[in-house]
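After this come two complexes, each holding chain A, first together with chain B and then together with chain C.
And now, the complex of A and B:
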């Protein structure tokens, strides 16, 4: 089961209600929101409506919100040898 | 004074042209990704099929079609694509044949 990873790269401000409705239906609230949907013809049609605003990748499994945030978190630059005694 | 303040050049600069090409290519990659993903599951969508039939990809387009659009009121029936509202977020690739 493969998924579409859809990221909103350009906003829908000033576009038609129909296009904005498609973005709302996909759950793309603001720029750089990422959503995952299974690969079906319905979702493909929705993406075709907003293809100028969106970046799409094909992935194997959908990530949760926590995993998405962890993706963006940079390397802390240190590691704990021994946790401090509390 | 308004006429002096609101002048914009007819032609796009080379940087604007580069960005326009980049945007066209981005849309092409989105459609290609969709097509590949659907083909793996052997489904087709009317929207994707129609786009592939009618719209050229960036490589196939003539520069005239990338940076200008048809307008029947202009002298040479072409005007700058910047004059199209939301031109950076709308797909405009095909013009009437011969113009």
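And now, the complex of A and C:
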């Protein structure tokens, strides 16, 4: 089963209640929120209603919140080479 | 005489209790003597697991687990060595020796994504407290976006290959900011809520900035 990976790229502030309602139904609270939905015609219709605000990709499996955060986290850039005696 | 009989019957086990009048007629003191006050003592929180005689040790161990705070974070360990071959541009091959020969170099290291422009001997106060390190730990900084000297600069897209340079830093200690007090209050309400902050910051000293030669990297 494939999934839509939907990211809100433009905010819904100032748009109609109908459009904001679609964003609420999709769970897109603020910019750069990412949600995953299975590929169905209903979800495709919701995306078509807000297609100008949203970026969509098709992926195989949905990511959890932790995995999404790990994606965004930059790598530390250092590692402990020689620890002092503790 | 009655009181003496009661007292003797309580203290002397040979005298049978049937010689006494019924309990409700006895004076209060005797009643208290005769009956043991029944109450269940709940084990206090500080009671050790070993003191409680438990049939199932596992169950008691589960119940009496002390709540731990968030787990202590450790400094990242050494990553696995990179296996993909180093792709070196022709310009790099040409000018890396020239860069390496220059007397002094700077490097733009990235720690948690934030750049720090440093050279050997610099002291860097990070804007956060690094968990899991103590003064004396040596860190190897492996993310750099540019490495340069007076005449040459080597830029990475977006980062340089970490096999080209070596940059080490020693943790010198922890600093704290001066105590700051934030007062919050609602309008037309005299109650002032005070929040005190005194954050800690880790200080590093860049002990080494070294550019490797082409032979060391493995390029002819």
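Observations, loosely collected:
Convention: the second predicted complex is superposed on the first by the 79 of 86 C-alpha atoms of A that agree within 3 Å, B and C clash if a C-alpha of one lies under 4 Å from a C-alpha of the other, contacts with A are read in each partner's own complex, and residues count from 1 in each chain.
Simple rule for what comes next: a contact is a pair of C-beta atoms (placed from the backbone, for glycine too) under 8 Å apart; a residue touches a chain by one contact, two chains touch by 3 or more.
Every value quoted in this text rests on a predicted model; they were computed, and no experiment measured them.
In the superposition on chain A, A:81 contacts chain C only, with no contact to chain B.
For chain A, the partner that touches more of its residues is B, with chain B and chain C as the two candidates.
In the superposed pair of complexes, A:55 makes contact with chain B only, with no contact to chain C.
Of the two partner chains, neither chain B nor chain C is touched by A:66. Within the complex formed with chain A, the residues of chain B that make contact are 23, 26-27, 30-31, 33-34, 36-38, 40-41, 43-48, 51, 86, 88-91. Residue ranges of chain A in contact with chain C, taken from their complex: 74-86.
Of all the residues in chain A, the ones that touch chain B in their complex are 2, 4, 10, 14-15, 39-41, 44-45, 47-49, 51-58. Per the touch definition, chain C reaches chain A in the complex via residues 75-79, 109-113, 132-143, 168-169.
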